[in-house]
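Before I ask anything, let me first share the structure, which is written out below as structure tokens.
As written, the chains take the letters A, B, C, D and E, and residue 1 is the first residue of each chain.
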Amino acid sequence: MDKKRIAKKLVYAFITIFFVLLFNFFLFRVLPGDIVSMLSRGGKATPEMLANIRKMYGLDLPWYQQFFVYLKNLSAGDLGVSFMYKKPVLDVIGARILPTVVLLGVAEIFAILIGIVFGIVSAWKRGKALDTGLLSTSLLLYSMPTFWLGMMLILIFCVYLKVLPISGMVTPGRLFVDQWAQLQDILRHMILPMICLTLGMIGEYAITMRSTVIDVLSEDYITTAKAKGFSDGYVLRRHAMPNAMLPMITLIAINLGMIVGGAIQVETVFSWPGLGSLMYNALVNRDYPLLQGVFLLSTVAVVFANFLSDILYEMVDPRVRSMGG
Amino acid sequence: MAVNKTKANLRRRRMREFLDQVKANKMALTGTIVLAFFVLTAIIGPFFFPFDVMEFGNVEDILQPPGPGHILGTDDMGRDVLGYLIAGSRVSLLVGALATLLCMVIGTIIGIVAGYSGKAVDNILMRITDFFLVIPWLPLMMVLAAILGTSIWNIILVIGVTSWAGTARVVRAQTLSVRERQFVERTVSIGAGSGHIMLYHILPNVFPLVFASTILVAAAAITSETTLSFLGMGDPAHASWGMMLHYAFETGATSTGAWWYFLPPGICVVAVVLAFTLMGYAFDEILNPKLKER
Amino acid sequence: GSGGMVDEGHTFTIAISQEVDTLNPLSAWMSVSDEVLMLVYDPLVRYDEQHNSVPCLAESWEVSDDYLTWTFHLAEGVTWHDGEPFTSHDVKFSYELFVEEDAYMYSSYMDGISDISCPDDYTVVMQTEYTKANMLMNPSPVVPRHIWEELDDPYEYGNDHPIGTGPFEFTSEGEGFIKLSKNENYFMDIPGDIEHIVFVLYENADTAAQALLLGEIDGATGLTAAQIEQMQKAENVDLVLADVPGFSYVAFNTWPESEYEGGNPLLREKVIRHAIEYCMDKEKIASMAYGDAGDIGTTLVNPSTDYHYAPTGDELRSYDPDKAAALLEAAGYRDTDGDGIREAADGTKLSFELITIADNTPEVKTAQMMAAGCKLAGIELRLVTMDSGALGDLVYVGDYEMFIWGWGADSDPPAIMRIFITDEWWNLNETGFSDARYDELYFLQQTLMDEDARIAAVHEALKIAYDNAHYIIYIYDNDIQAIRSDKWTNYRQIPEGEGGIYMNGSAWNYMNIKAVE
Amino acid sequence: MNLLEVRNLKTYFSTTKGMLKAVDDVSFRLESGQALGLVGESGCGKTTSALSIARLLPKEGRIEGGEIFLDGHDVLLDSESELRKRRWRDVSIIFQGAMNALNPVLTVGEQIAEAIVLHERLSKEEALKKSQELLDLVEIPRERYKRYPHEFSGGMKQRAMIAMALACDPKLIIGDEPTTALDVMIQAQILNLLERLRRERSMGMILITHDLSILGETCDHIAVMYAGKIVETGTVTDIFEHARHPYTDRLIRCFPNIHGKKAIPEGIEGYPPNLLDPPAGCRFHPRCEYAFDRCRVEEPVTRHVGGEHTVACHLVEETR
Amino acid sequence: MNQQKDAIVSVEDLRVHFEVRQGFFSAFSKKEPPVVRAVDGVTLSVGRGEILSLVGESGSGKTTVGKAILQLVPPTTGTVSFDGAPVPQDRQGLHAFRQCAQMIFQDPYQSLNPRHYISDIVAEPLDVAGIDLSADVRDARVREALEQAGLTPADDYLYRYPYELSGGQRQRVVIAGALILKPKFIVADEPVSMLDASIRTGILKLMLRLRDEQDIAYLFITHDLSLAWLISDRIAIMYLGKIMEIGAAEEIIKRGLHPYTQALMAVMPVPGQVREGGRTVLEGETPNAAIRIEGCKFSGRCPRAFDRCRKEEPELVEVAPGHSVACFLV
């Protein structure tokens, strides 16, 4: 692998992150209302106190110095203190990361696997009834707003069938006999949001996979492989798949990075205590430091995921790998 | 020769060819019909089912199931769901259309300029595009909507401003390939400037792709409007499907089993988004020679 | 289900609709936080099920004849949850801390306390500047000095694991829930069966209702009108429409020009505000937006107390768009250009922006119904929604025309009147209302130890505010609460028959509820 | 003995605009160890003929009639699995445009070895070793078997394709324009290489091209195709020196001869017909200067005009 | 040197070096960036109404020479003169120059914008040149150009799209576009290599006719020696950015002196020539133009190279009137 290219991608990633930081910094300075008023909320602030707060937060400095201070604090892991929770933003986020990662991770894996299978089968049977069926299903799922899907699931499983818990991640405040029991409890709570997310994501994967496979199948090297006498399965597995997976890598990476954004709808509908609902609450309650923190985290996650996908691409696609500068 | 080869005639013939392809393509046909139905409903529907979000029924009208008088029942404010739905289609489609237009204009300009200029301009524009592509759209939209306040114009603005990056990418890629085509070189060789080339050569050639990708953006725009409204960032002064779903969810229509309140708007959203998606994929297939079977 | 769970004894799980913002009583400002704090910490005096003040940390008390010196005799043998003994120094420390840090929730109770002394470990003596009517209603928790005096910045203290003397100890906190367990060493008797209380956050009221119906939880507060019917139908659930102090209102920007030049000058005209109130069909709003869970609103103090003032006759402005039209007509606001909206003499339209909080559906509906009503009288309302934070910002700087919001009030009914005094300008007082007589009456009632006299003063003040109509208080909304009646018994509404099971300022229910065997 | 015999082959494509008769009643044969040149203008059905022989037509293409005997075995009767077993051992194809015919994500060695593993039942190591030998054979340094296709130049890719085609010692090798888009020098190298290998291994070869000028030095026989039909076949001498069909004649005259007279060749007026709706009668008649009435209505039959020389033209009869 | 007096275009010691684009970090490295010597010292001239062919393998720099003449790539060193004067470098001067000198590209399938009508494509040079004409005159000029290019009647083609035309017709449209400004000089970059042999000759004939009728000079770029021989007055053989041999067409073909010319001759396929054993073919491929070669550029593949060839670079030497060769052997 070419170190230079990776270094270049890394520089790009950092440039993007710099944009993100800049954006983040300014965005939260144009949000309505005075940031000082937010900081002093609840207390009865005198003008001197306000001035003090300004000074304390460096708000009396010119913007570039403020930005510098912001960067300095950031590099020390200091994202400020949440207004709502009155705890360091990093701690608040830390507590919420795992549920989101678990939920999205599992849903992603299911969606990727099912989506890829759907896509391949659909492409292979292009024009047949099976393709029509799979493609319509994928398109339908793709078109469905995630939250609405969630509402439907609640309606079916919680209101009519009454078989699954409706919200949250665990039965709250209970002790379990062992970890296995606790895990079971979490799994039961996870089923609906996970189905919802999985269904919501299958469509995109399936559709993308289908068109890339169709693309790849029309390449000459596929005809060559067939001419060599290989079975359809082998041609698909050995020749079509590695090439078709390349565009999928990027898609998967971006989606993985979208963890926070993607979770907002599902976590809101199912009250899943993850980053998505945290972000929603931070927004509704104007908890700027927290909002900023989650926003920063989620964008950095995407940039990072993209960077990883580039690296992966380098490793998987020999053309990119040795296309030296 | 007797054949009339006027411009208009030829254009009509091309259009007919395109329509023939659309007709032959079941996906495109379905999408077009469904969309046409909704557009028509949005235009003429309100004349038959006049509706005002601010006009409420009486207490006994609240959440009445479908029946005579109210074909689709009533909502939690005693309003006719069908009328609501029709009025909502206007806003939803309008937001979708305008946001898409905005996104198309921004995306096309940035994509063409970046792709054609190359070098530093390309690099800077693409970093910006990357940024918008990378930034999680829903949080960004929510934050922007919070800054700007809730009105359909702001929603349009927010969706437009946050969703152009994909289009810009597609346009840039296409521009890069068009730029390498010899007709561009030929035009350079007769001394044409960049503006001329971008406008007369690149734009018409990237347009079909822009068209196909924008249709998909339209689908996304409608989903975005619905989602934002659902999450409470919608415009309360206008009826939209997203707002209907918002109120339905807030008032617990799901759990009380008032299916007539949240099923129809949901189905409408799915139908329209699906229609756009179908058309997008079908047009992509029609217009993108790479996907054509050999 | 209960599969795999340790049987810890009776656990009462209750759904709350707001997040507990912090367990630090100095900086907490959500009413749910207060509910938790009330169980972990003890005040000097608490309310019983009749809403009368009864001994708690203070076993007994006496007051001097001039009502300026209060002596509290504390219970002996009380220990903190960490085992340290409780003394009068803790009380002195706590009260002084609250005064110093200007604790939001308890400020009106701390006003006027000038000196605190501890003659011995079990006696606290307090001096007040003036006769203080709410001295025995003070819900301020007493915090342990041995922990809090160590802190550099008590206001910012997270208090993740609060140590109190209360009937329930803090056990754990997880994502979206807080768990308390019975204090086995409590200095008083706890007759109820509840061994653990879990407060669980349900962001969506409907979800909470479903969870209650499914049996995942035992009680719920903060449900919405939409669930009423379903809950009432369910046999194993007891639904309570609880009168809680508080109301929802429409506020007008009436800041005097000298203070703030923004807003809409037309709204400084009382007649227009009156006309708008006449256009508000409060009955219909109560039934359609609030599911009848509330009483029609008029003035600041809730109808459940004698302090409530109910305007009658001509003074009362109830729904009458024709009257509104007539008022406007008489005042010279006519629709000259035929667009259905009246204009002032200079041509400005009677068109106002009304802001509501997006996720508060009843309020949004209210706004919509108001707009419909106003249209009848030739006034246009332009609706805007935003989240509460954004609205808070605008209100804070006076940058609005009209908005809808709500206040929750304290257990001392007249305490809420503070929001209209001039001293609270740009703070609690959001509309710029200022009336010398009102201010005078407010301070007067604080000092009146005679209840009737106090009531008279309050009524006079409320009448003034009502006439000014910078607030349209349209509903005293109920807190919609529910409990699983098949699992629990011996709970009651506090005050009897009208108040809530929870969120009523009393720990009685938590200490007395019995499990159904 | 005949290595390949194609009789009355008809291959049609179903398109949205109707049935496209890409190969329409085509017959030719090839003896083992010999090379046949298939020549004609673009779109006349050369590639389709080759794909039909290997039964590799795309979905919309179907063989509507005829017989294809390869080594005495009727290819058209084979089941899908039989076909697979025979592929690459009976017929291997070097495709038009080697740049796209190699899988970009597999090394060249792997792609050569793959077929050996399948058909010769060798282990992967042995197959890789054999693939190195094959690279030697086509004059590519053997250590490059670990490289990916994009690391090869155009000429080397074409050589790698040839090595791949030889992997299972096929009886017949079909080269579909193997040298188009290559430089003259490389083209000569590749043709020399093919020629050498064919002789060494006594394979049959079909060389498809539109460049008639290279056939003289590479092939024994030539078949000239026009609009889905074969209009003339014969030995190289038959075709170049005694062409009987006007199309063959005109086609030969399109190529300048550096050793001959310096004159701009005449070319052929007009364009090949649309195969969706080919002209009645002889398909060449609209472009033929000798066309007469009969040509416009009656399709000429293929006749022997001496030795292996066959022609499908009414003129042949008239002048006889 | 062999500069003709009446040259329409002459090129003196033209060099075009491309810096290979490097990654972000190479800017910091001290190493000299690699350079592709696409054209490395070319001197030639084209007379009025003359056709000069530039023959060579892929990558030898033929196209780059053509583009450098038309100022489409900036020359690294060297001068290009047009009509006796150096090509002006200011905007206006370039504009005027471009009207007199046009280019025809290799791929007719790609050199027409698929979304424009033929009439617009042909008229585009007028628009770009800023020549403001009335609609009628403009229309008439488009028709004239089309008919000159052999697309008659012009009416049939005006409002068609490129995809409705065959390859040969498209190449004629390209030529019509080049003709509309009535140029004096055209660089034709492999104009027929993508076309079937059967339609090539039509294009070649058209070019010759235009030369005769309008006195247009051509730089005809091709890799096909036989085509060059057919059409041109003189031929220049290029190898790795250098001219190896230049002279009258017949001279080069019949009496080519450079080993490279001879190698090219040896591999030229001859129709009708029946197999007579293998041919002599040069081994290996043309080296990458980014690699610096000491001595004669051809020395690496030359069957007759000796020591001197690998050390010293031979100059073009006139061996007969108008026939120059760059080889130590002559």
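Heads up, the rule we're going with is that a residue touches a chain if its C-beta (ideal position, glycine included) is under 8 Å from a C-beta of that chain, and two chains touch if they have at least 3 such contacts.
Computed from a predicted model, the values in this text were never measured in an experiment.
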| request: Would you pick out the chains that touch chain B and also touch chain D? | output: A, E
| Looking at CA centres, what chain is most distant from chain D? | C
| query | Where the CA atoms of chain A average out and where those of chain D average out, how many Å apart are those spots? | reply | 53
| With chain centres defined as C-alpha means, what is the inter-centre distance between chain A and chain B in Å? | 23
| Distance from the CA centroid of chain D to that of chain E, rounded to the nearest Å? | 33
| request: Compute the distance, rounded to whole Å, between the mean C-alpha positions of chain B and chain C. | output: 45
| request: Enumerate the residues of chain A that touch no fewer than two other chains. | output: 32, 154, 158-159, 268-269, 283-284
| field | Overlap residues in chain B, where contacts from two or more other chains coincide | value | 146, 149, 232, 249, 254-255, 293-294
| note | Among chain D residues, those touching two or more other chains are none
| note | Given the complex, residues on chain B that touch chain A span 127-128, 130-131, 133-140, 142-143, 146-147, 149, 219, 223, 226-227, 230-232, 245, 249, 254-255, 257, 259, 262, 266, 269-270, 273-274, 277-278, 281, 290-291, 293-294
| query | What residues of chain C sit close enough to touch chain B in their complex? | reply | 204-206, 209-210, 224-227, 229-230, 284, 287-288, 356, 358-359, 361, 364-365, 367-369, 371-372, 375, 382-387, 390
| In their complex, what parts of chain D are in touch with chain A? | 54, 56, 83-89, 91-93, 95, 97, 100-107, 114-115, 118-119, 148, 150-151, 164
| message | With touch defined as at the start, can you tell me which chain A residues reach chain B in the complex? | response | 12, 15-16, 19-20, 23, 27, 30-32, 139-140, 142-148, 151-152, 154-155, 158-159, 207, 211, 214-215, 218, 254, 257-258, 260-262, 264-265, 268-269, 279-280, 283-284, 291, 294-295, 298-299, 302-303, 306
| request: Spell out the residues on chain B that touch chain E in their complex, using ranges where they run on. | output: 1, 5-7, 10, 14, 181-183, 185-192, 196, 200-201, 204-205, 207
